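Presented sequentially are two complexes of subunit A, the first with subunit B as partner and the second with subunit C.
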Partner chain A sequence: MDILNPAFWVFVGVVAGIYGLLALALYVQFSMAGLPNFGHVAFMALAAYTMALLVIRADVALVWAGVAGIAAAVALGLLLGIPSVRLRANYLAIATVAGSEMIRYLSTNLNLTGGAVGSVGMLGPTHFATYTNAWQPFIESITAALRHAVGSVATTDFSMFCLVWVTLGLLLMLFRRLERSPWGRVMKAIREDEEAAASLGKHVEAYKLQALVLGGIVGGLAGILWALEIGVFSPDDFQPTLTFYAYLILILGGMNRVWAIPVGAVLFGVLYSGTRFLSFFPLSLVDTGERAYLRLLIVGLVLVLLMAVRPQGMFGKREELLLEK
Partner chain B sequence: MTEHALLVDGIVRRFGGVRAVDGASFTVQDGSITGLIGPNGAGKTTVFNIISGFLRADGGAVTFRGRRLDGFPPHRIAQAGLVRTFQAPRILTRMSVLENLMLGGVKQPGERFALACLLGSASRREREVREEAMAVLDLLRLTHLAPAYAGTLSGGQRKLLELGRALMAAPRLLLLDEPLAGVAPALADQLLDHVGTLRKHRGMTILIIEHDMEAVMSICDWVVAMDQGRVIASGTPRQIQTNERVIASYLGTVAAAHV
Partner chain C sequence: MLNEWHMGSLLLQLIYNGLVEGAILALTGLGATLVWGIQRVANFAHGDYMTLGAYVAFLLDVTWSTNPVVAAIGTVVATAALAVGLHFILLRPLRGRGLVALSLITVGLGLVLRNALFLVAGSQPRQYAFNQTAVIDLGFVRVAPAELWTGIAAITAVPAVAAMLAWTPLGKTMRAVADNRDLAEISGIDTDGIGLYVWIVAGALAGLGGAMLALVQGTFDPNLGFNVLFLILTVVVLGGIGNAFGALLGGLVLGVVMEVSTWPPFFGGVPTQYQPVVGFVVLILLLMFRPQGILGRARVL
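The block that comes next holds the complex of A and B.
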């Protein structure tokens, strides 16, 4: 595959959009409410698994299975969050890491979830299980409609690209509005100093729970879109690193800026996927397998350099970094 | 009983083996400025934290306008009209001065999620809150700093801002924890003026912890003195100044110089 192949970049765009959604879910919890969730990927995983299981094993319609998936993600957020919202943020960080790893290990080791094979093994080794039967005709019909409008560029991935980015765009608009509202002001105050907020009559725990629920909804949505995009998934598709990619997107774009999320997502997508094509000299001296590792090293290096030059990210405000809490 | 805005009755708080507050009882008259004094470690701030719900008492009762408030969470106590400031001002550094004040505004329907989705920042109440905040800024002579990050303010300005934010929360009883500590003399006078004005023009009741004796004696009409977790005396500033137990425990050095 070469670097100019549009199909590849459409796929990169889809992935960037889904990571953007995950970053937005994290944004609600971390940037708005100050809740450090280090197991955010669990929302994606749980939603994807719940949806696939319901479709494959219980024959539930895809739409309802998707809704149930999101509900499961919300339930997980509350389960991890309720004991920790009264405690300091550090406890939530620990609980979320542990929770997300539990989900990954459970899904790897249970027969119900298809074990390490993932979704295709949900009916046991003799059946090839799939949850996208209802999804294919839907996305095909979108593709057909888009083909009328934009011509042959419209592929299934392109439809997905539009779907993901329209969803992300609408959600960004909603959260921008929320952020500027009195509700957003209370959230920000809780992030800065929850005791100050409480001393002014704000019900801190209720707001934190709202952030957990919202983060669960958006994170679950990201998981469902990801599962539908890749068609089959296994526990390996929900590595803990995904959570940190979401943090990276927030940091790259600029902390505490909602519009920094799509920019951070695109930047990350390009940096992460674009470096697949680094095959020129002197990198061409090492073989492909080693280059794959070298690539991650280079991504890391570029990120460190970016942070050194622009610690506030693309859109962040430098003053905010300098003000202590 | 209505002349008592606040009734603190025998509150106890232990930290491990230490009784930080050991059966403290006092009342705050409606419409008064009451001072709470005592040497460091007397338990004044612990009493404040209990009244405002940030700490649970191990015993005793706090009654505000005839209503038991002990055991309530801080936000409920603030909503009941009992608003506090902190010894080290807890301003929100990465929010603007104006936002800090607007946060304090009461009865903001836009703080509910569903309405925030619909309205964003466009609502009548939001405009009112903004106007209230601008009026408070005007009162505190901080108008020029409205858009600045609160974190850029000086220590004294932070105290002013915190006072203003507490005012936005429509207190009936204002609890001020060392409002003058670390404030330059000129600003301290301004702060004291504000406190006096609040009582006079808004009919607010004020309970104030302060180490600046001169300020306490000039502004308060009632003083409660604590030592080792107990109330050792209460009375008018003049009575307190001449009370032997108070002099022995706290005013010792000051009294030797002035009385």
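The block that comes next holds the complex of A and C.
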């Protein structure tokens, strides 16, 4: 593929924006409330599956199916409240990653969810199930409107790009305000010293639950946008590595800088997609079919190196780093 | 009548399989629990150490056609060397970074190892040079040659490791540090220097476990160890973090329970594809209600 092909980079931008949303959801839970969720991708999976199932099997309107998907993610957030209150960081990390793998495993094996083929198999092997019938005309109408404004650059991916990044931008502004509000300050106090915050009469558990719910909403939204962007999905689209992409985005930008998330997301997008184009030696030894492995190898390597050398990320402050605890 | 006899022999077969799988989980879980308890690393790359062992064994057994014992020794040495190398290059310089940070690092390390194997060895399923169709009748169960070898390895390795932990100075030292680091330190134990031995044991056992797992499964690919990572973490928690005997026992129990749960007279039997879900549920419930493990006593974790 041509490195200068704008259509490709628009797609990369969409993906980066959606991962950015996932990273923002993680930010609320991990950077603000100090809860290391290693199974964050479960929010995406649950919301996407709920939405697709309701549209395909119950003929629910897409909007309400989407709302239900986010509600399912919120329910998962509340469910996570039980281990989050009981468990210390490391145990919570393992419990959450096991939980997300359980969701992926069940969706691979249940007939209801279409098994390993995913959303297209939700009506059984003889039907081709789709949940995007109502979405296509909507995104086309946006594209038509954008075409008036910016000309032929506007494609459906371009519309999606605008939609995702406007959503991300608005949410970033919202969370920045939240972080500076009294609510955000209590959250920070809890992250730094739970007992101290509790001794001042703050209801620590309620705040943690609020962070889990907020993370669930944004994570669920990321899952629904992702499902709409790719059109069909399967359990393989919700691999545990996705959670660690979100961590990498947080670390790239700065673990405790909410406005650094888009920077991290763009860097991650370039890093992740850029490997498709690097064809000089020794990378030329790797054929295109194996590039996916190379990409994951590089993601892992960057994660290790960043954590080792600059865990606070590009813009973070080391003193505020909860990872040191 | 015939059916009852059949169910009985099926149960014996499941218990045998469960003990072999349990021995694999016990040996790797033991390494993981020592690493977690002594080195304060929840090693998310442990499964990939196993996979690497399986591929070294493949290289020795198939590519260079050495005999199985040489292949096993070579595997154990190679994975121990890898574990020690990563300890000195990466994990030791970063000690004290906090459990979550180190977990993220081992997640990244696992990604690197796994995908490097995909690139170098390819994604096609591999199998060892064992006759997969031959059957050996042991009287109570009938096993394939590969299962016999893993059975022998399990019967030798588990008691040997238990004896090492119980009676040798190194075993006692490791258990002491895992149990109470401060107390061990003021008794004159070099709690930093012991890391080398912990990683030798953990790496060697992960390599052996990986090769055994590959043998039991028949075919394997670079996801081999990652697929059982959560079972290993379950074993660690089941036995109580840092509790070496707990991990050995926990591994054997988990292996047998998971196999026997598929036995039809047992509530109709759990369908095999849901076996891992049983493991996940056990792990989550344990973490929430008994994080100190089945043998552990409650204390601040």
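In this section, the second predicted complex is superposed on the first by the 284 of 325 C-alpha atoms of A that agree within 3 Å, B and C clash if a C-alpha of one lies under 4 Å from a C-alpha of the other, contacts with A are read in each partner's own complex, and residues count from 1 in each chain.
Going forward, contacts are C-beta pairs under 8 Å (C-beta built on N, C-alpha and C of every residue); 3 or more make two chains touch, one makes a residue touch a chain.
Note that the coordinates shown come from a computational prediction; the quantities given were computed from them, not determined experimentally.
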item: Touching partner for A:V186 - first (subunit B), second (subunit C), both, neither; value: first
item: Contacts of A:F233 with subunit B and subunit C, given as first, second, both or neither; value: neither
item: Which of subunit B and subunit C A:Q210 touches, first, second, both or neither; value: first
item: In the superposition, subunit B vs subunit C on subunit A residues touched; value: C
item: First, second, both or neither for A:R177, with subunit B first and subunit C second; value: first
item: Touching partner for A:F161 - first (subunit B), second (subunit C), both, neither; value: neither
item: Touched partner set for A:A196, first subunit B, second subunit C, both or neither; value: first
item: Doubly contacted residues of subunit A, that is, touched by subunit B and again by subunit C; value: 323-325
item: Touching residues (chain side subunit A, partner subunit C) in the complex; value: 36, 38, 82-83, 86-91, 93-95, 97-99, 101-102, 105-106, 109, 241, 244, 247, 251, 286, 290, 293-294, 296-297, 299-304, 307-308, 311, 322-325
item: Touching residues on subunit A, where the partner in the complex is subunit B; value: 174, 177-178, 180-186, 188-189, 192-193, 195-204, 210, 256, 319-320, 323-325
item: Subunit C - residues contacting subunit A, complex; value: 42, 90, 93-94, 97-101, 103-105, 107-112, 114-116, 118-119, 123, 230, 233, 237, 273-274, 276-277, 280-281, 283-284, 287-288, 291, 301
item: Subunit B - residues contacting subunit A, complex; value: 52, 54, 73-76, 78-79, 83-86, 90-95, 99, 102-106, 108, 110-113, 115-117, 119-121, 126, 129, 149, 151-152, 165-166, 168-169
